[in-house]
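In what follows, a structure is listed as structure tokens, so that the remarks can point back to it.
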Amino acid sequence: MKFIVAIIKPHKLEDVREALAGVGIEGMTASEVKGYGRQKGQTEIYRGAEYQVNFVPKVKVEVAVDDGAADSVVEAIRNAANTEKIGDGKIFVLDLENAVRVRTGETGPEAL
Amino acid sequence: MNGADTAWILTSTALVLFMTLPGLALFYAGLVRSQNVLSVLMNCFAIAATVSIAWFVIAYSIAFGDGNAWWGGLGKMFLSGVGFDSEAGTIPESLFFMFQMTFAIITPALIVGAFVERISFAFVVAFSVIWMVIVYAPVVHWVWGGGFLAEMGLLDFAGGVVVHVTAGVSALVLAMMLGPRRGFPNEVQPPHNPGMTMIGASMLWVGWFGFNAGSALAADGAAGMAMTVTHISAAAGAIAWSVMELLRYRKASLVGAVTGMVAGLATITPASGSVGPIGGLVLGLAGGVICYTVTQMVKQRFKIDDSLDVFAVHGIGGALGTLLVAVFVSTAFNGAGFAEGMNTGSQLGVQAMGIVIVAVWSAVLTFLIASVLKLFMTFRVDEETEVQGLDLAMHGERGYHNM
Amino acid sequence: MNGADTAWILTSTALVLFMTLPGLALFYAGLVRSQNVLSVLMNCFAIAATVSIAWFVIAYSIAFGDGNAWWGGLGKMFLSGVGFDSEAGTIPESLFFMFQMTFAIITPALIVGAFVERISFAFVVAFSVIWMVIVYAPVVHWVWGGGFLAEMGLLDFAGGVVVHVTAGVSALVLAMMLGPRRGFPNEVQPPHNPGMTMIGASMLWVGWFGFNAGSALAADGAAGMAMTVTHISAAAGAIAWSVMELLRYRKASLVGAVTGMVAGLATITPASGSVGPIGGLVLGLAGGVICYTVTQMVKQRFKIDDSLDVFAVHGIGGALGTLLVAVFVSTAFNGAGFAEGMNTGSQLGVQAMGIVIVAVWSAVLTFLIASVLKLFMTFRVDEETEVQGLDLAMHGERGYHNM
Amino acid sequence: MNGADTAWILTSTALVLFMTLPGLALFYAGLVRSQNVLSVLMNCFAIAATVSIAWFVIAYSIAFGDGNAWWGGLGKMFLSGVGFDSEAGTIPESLFFMFQMTFAIITPALIVGAFVERISFAFVVAFSVIWMVIVYAPVVHWVWGGGFLAEMGLLDFAGGVVVHVTAGVSALVLAMMLGPRRGFPNEVQPPHNPGMTMIGASMLWVGWFGFNAGSALAADGAAGMAMTVTHISAAAGAIAWSVMELLRYRKASLVGAVTGMVAGLATITPASGSVGPIGGLVLGLAGGVICYTVTQMVKQRFKIDDSLDVFAVHGIGGALGTLLVAVFVSTAFNGAGFAEGMNTGSQLGVQAMGIVIVAVWSAVLTFLIASVLKLFMTFRVDEETEVQGLDLAMHGERGYHNM
Amino acid sequence: MKFIVAIIKPHKLEDVREALAGVGIEGMTASEVKGYGRQKGQTEIYRGAEYQVNFVPKVKVEVAVDDGAADSVVEAIRNAANTEKIGDGKIFVLDLENAVRVRTGETGPEAL
Amino acid sequence: MKFIVAIIKPHKLEDVREALAGVGIEGMTASEVKGYGRQKGQTEIYRGAEYQVNFVPKVKVEVAVDDGAADSVVEAIRNAANTEKIGDGKIFVLDLENAVRVRTGETGPEAL
């Protein structure tokens, strides 16, 4: 199995969710993160003091998938999250040794 | 006793207390890091509680006791001799005491903006109480209690000198003594909740009607006009500050607009019983532009971390209005007119002298009080506490609990 | 001059300003996405500041200058001729000017609800100021300044037509011109902070006492009764809306309850000087039920993104109350009674005519003003700005900073 | 009719409504988990709306109708016979009705603190309305409506017995019937937003001026003195509570300081028309220390989850002040002096009897009402709902939406 | 070593923490996340507009453990987090190559 | 490639960001987390009730790097985050199989 971590623009979360449903993935976990990269944060100015905010808001999506599905999942996320603007994000693929469903105790691909 | 005047001053007292709690507290608390939000609220709250008792015990007597040109003496300590039927002018004296108490609360609370995010809580309380008794109460006597500045003919309707110059100058002195926040000026963190600041500012705007129109101590045309010029100046101050930001950054910020409004209010305060609507407009615009400029200078040129700009907004605004009143009190600008024998020149002299005397008094005594207190208690917290934030370290609480 | 009346109107002025700042601002700001919270607060704040100056410069004169049946002329520009001693009825004219100014502030601020989350800030300011001067001020003159609607006998005690119909209709027109938010109706995001909305609504409730009971312009039985019917209607509106939700969804929401309350308040406003407590109860219930129904229709049937339901709540509520006053003013319902020669039928005709004339006037002029302004400035922000939120793009600030 | 008195009571009515909405609502909402914030706000809001209608329909009549020593009868249901010109003392009766209504709103709203985070919404509404009509309105009649406690000479200026003892005792009974929150006492979660609590507390402080000084029902020296002693007691209560915390934990918390302030206010309430400033100081200090102590005891010794300390702060504070008034009303302490034929001893007897009678009445009837209601509706939510939080389950809403 | 990521119901965090202590694990990192899966979000209705909130609040617990402890840790989490209701969550096990304690520079199992 | 997860003290984020820039890393993702370990949370007291807050605020930094850079990145984070006080945090190194840049579709080290 693979553990796929995608950093995307916040407003793309719904699109990504739908795209994943499109390739048969019905489970995922999302969280708010702040990203630093080529897309730079903005300077905010309060009463003449300039605050350089280096991080920009992003959403992280984590999804565990069966080996066979990994490529199509990566592809689906990429298509859904792409705006062709800097800061669209990254997708990271890690190896996943095991997965357990808490409720049933099922393990492996069944647990997803 | 006049029931109508009493009704209005009862209301005004509520409005001015509302300015500090929760108005000013929110105004300031929104501008700090989220780890210091409670500490700022607590500073304002604790000042309100302790200063009230000190006002009752002794400061009211110093300010409004019979005394002489310099102070009111100790005859009215613990409201001695003030009963259900005592009067002050056309209102009950108990009410006059209360109305003035709300001014005594907000003045040291204004200073809080200078030292947030790094000062020890015990110091805040001790300093504020002592400062109110020793620095503020005598100045009240000089200007409003029939003291020597009143005799000189100083015009300060609602506290440009008494409130804003004392607080602004003392704030600057304390900020210099305490030193800047870690990371100042480049790495301090942005206001954690500008909306909170706007709510507080709105409450200040509304409450200021009690502050200025209440200072008429009557429900009459003077109160109506004071409210009018106060409002116009606030609006003009907001616009002026926003235009300055637009010219420089091409964006008008909410924090900027509300700060300009407060600058407009501080500026009109001493003038609010003397000038007409045009005067209000000019003072507001001038306050917005000049306080904006000084705010930049204090931070960027002088590198003083008067963190929430107490000196630039209140000290400068209050002083500016105190000077401009000498111009706009003239009937030529539909003002209330000069006192007999006064003209713009002579009035300007009196006003300037009042500002200088009170500024020096405030600076010197603030320095002395803080220097002595430092010997007995922590002045500035240690670095770890500062980094973590004061809420947890000082008060054992956290501003926001989510999980 | 009457001191007691003055005391109460000084207070009422503070209460009505409080309705906008921070009341309405919070009411609206809680309903948008967290990335637009400051933009909504800033809209309300900037309107308060700029409209105040415009009221002082010209609009007060248009509304309350001597003039003729159509407008008040330019004789009172810059409060010309209004001094410390000028009176209007039993109160200082400066105070009457201020009290009315607070109405001039809140009316365009109500419209903000129509265009949040997608409009350019410059447009908001320009539109609001021009709208207040050209659309609102003349209507004030017609109804309260002795103009032709007053002569016809229109009953509009505190602004059902003047405030709520003008704002509601103009909001609908603007919302249609601007187009819906991205994702409307299925994918817009839920209110980011309903608690903030409740705080604002509570302030509206309290402040509305100044709005309606203050419109008696006196501290007397009329003011007392106006406060009573206002309160009962607010409570009834909240209950009615909640019951509608319970029937439909089996849950009563906080946002629903407070919206129903505002609907009750908008509905009673024109009637608050004319009806008795039973009238207040009926108007509140009717307001809650009907505004609820129209809210659904505007969104679901007509697919108009009047984002915060200004038309459905204020426009419909204000019009409904204006009509119902013709029934409940009758002494049969313990109302204040008809003017000589009037009865329910004839009064209803006048009321309906007033609504239609003002609605058409507001719609047409709003369309014209916005159409012209669009030529000179951005109307709607670009998609990227809308997605990111207006706070950062328009004002360079962020509502919430945590890390 | 007296215009000045009317002006002040119009204002006071607004202030007391402000105490509940949003004051008390925020005070309580900041103390719960973030998943219950809306539920608390909604409880207070729904109580305000429904109780208002019940007050209009019947409770005002029970409290202030002519009746006999036990109740006011049904003659004033629906404000029957009260028109634009009716008077009560020196103010319009409609206004007296409204002023008293705001007390009828806040009293059941105080009880909310006992049962937050686990009670069913329908129960809250049903209980509050019935309780206000059956428990509260008669007590009002006994004490303020010329009933038997008034005849006995009970001193309860602004509601120590009427408001605080009724609410506090009923809260304790309900908390025991309902049982503690899941995890109490060791694993309940800390207040999610102490700053919100401080804002609410500040509004309570300001609004309490209307509560106590408004209870003079006049704009005079009695009102001025009531405001003074109220303020001093609030400040003293805050200081006393903070000192207790400092002694025990070496830290003074914001939540503690504001709770002490509320304790000081509850304590002074019955005495605010009778005692002088020294009395205010002593009552505030006593209130802070004793309410602090009882707060600990209720939780730690008796393990009762009166979640937001309604009994310890309001019940005990109100009772304490009611007793101490018998001492400090004496002219020896600059109080207003005893009624003819009374002295400290005899007054103390009357005060104690008043407390006991009202406490028993409240406890028994609360128990009966809740026991009956439980048969018809859910009392406590199921565990899953409690764990998830009431906002979503009861109202379909979420307090904070970020992503 | 293993890097164990568990998605659980928010109110189960304390139970999980205690269960981990029970098997000798005294370090972990938690964060707020939003989950999507069989347990569906709720519809929230504001003024008659329906908002479909697809994600439900969850807590993510991350804990790095020695290889030998991995199974007992997974078991402990599962037992503590289980309510036998849908949405109880998942446990993911990833391989952990190295761990470093910032303060001391210790690496490997010592760093945990 | 490696996927490096560092748990640090919140106020060290800027230092870590600068240290990473120093070793040529210009992309990372940060998020707020709560940590449990040797550094204990504090007891908060509200109205005499004691609330044991077990978790302390931390920041998690995630950074994907090329294999060759991994050691220097770990070292850089460690130096920047170190205050020599308990609770300074941990650095975890996981294997990263693949990375994709959403905007361009680049994969592997190029995507970082």
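Here are some notes:
Think of it as A, B, C, D, E and F in the order they're written, each chain with its own count starting at 1.
One rule holds in what follows: a contact is a pair of C-beta atoms (placed from the backbone, for glycine too) under 8 Å apart; a residue touches a chain by one contact, two chains touch by 3 or more.
Predicted, not measured: the structure shown is a model, and the values here were computed from it.
In the contact between subunit B and subunit C, the residue numbers used by both copies make up under half of all numbers at that interface.
Pairs D-F and B-F differ in how many C-beta pairs touch across them, and the larger number is found at D-F. Centre to centre, using the average C-alpha position, subunit B and subunit D are separated by 33 Å.
A straight line joining the Cα centres of subunit D and subunit E is 44 Å long. For the pair subunit C and subunit F, the distance between C-alpha centroids works out to 51 Å. Remark: subunit C and subunit E have CA centroids separated by 50 Å (rounded to whole angstrom). Chain contacts: subunit A has residues 14, 30-32, 34, 44-46, 53, 55, 94-95 touching two or more partner chains. For subunit D, the set of residues touching two or more other chains reads 2-4, 7-8, 11, 189-191, 194, 219, 249, 251, 253, 255, 396-398, 400, 402-403.
Subunit B meets subunit A in the complex at residues 31, 185-186, 188-191, 194, 245, 249, 251, 253, 255-256, 259, 292, 295-296, 299-300, 309.
Taken in their complex, subunit B has these residues touching subunit C: 2-5, 7-8, 11, 15, 33-34, 189-195, 198-199, 202-203, 205-206, 209-210, 213, 218-225, 227-228, 231-232, 234-236, 238-239, 242, 249, 251-255, 257-258, 261, 276-278, 281, 334, 336, 400. The touching residues of subunit F, counted against subunit A in their complex, run 3, 14, 17, 26-31, 62, 64, 94-103, 105, 111-112. Within the complex formed with subunit B, the subunit F residues making contact are 11, 14, 34, 42-46, 53, 55.
Interface of subunit B with subunit D (complex): residues 1-4, 6-8, 10-11, 13-14, 17-18, 21-22, 25-26, 29, 37-38, 41-42, 45-46, 48-50, 52-53, 56, 78-79, 82-87, 91-95, 97-98, 101, 121, 219, 394-402.
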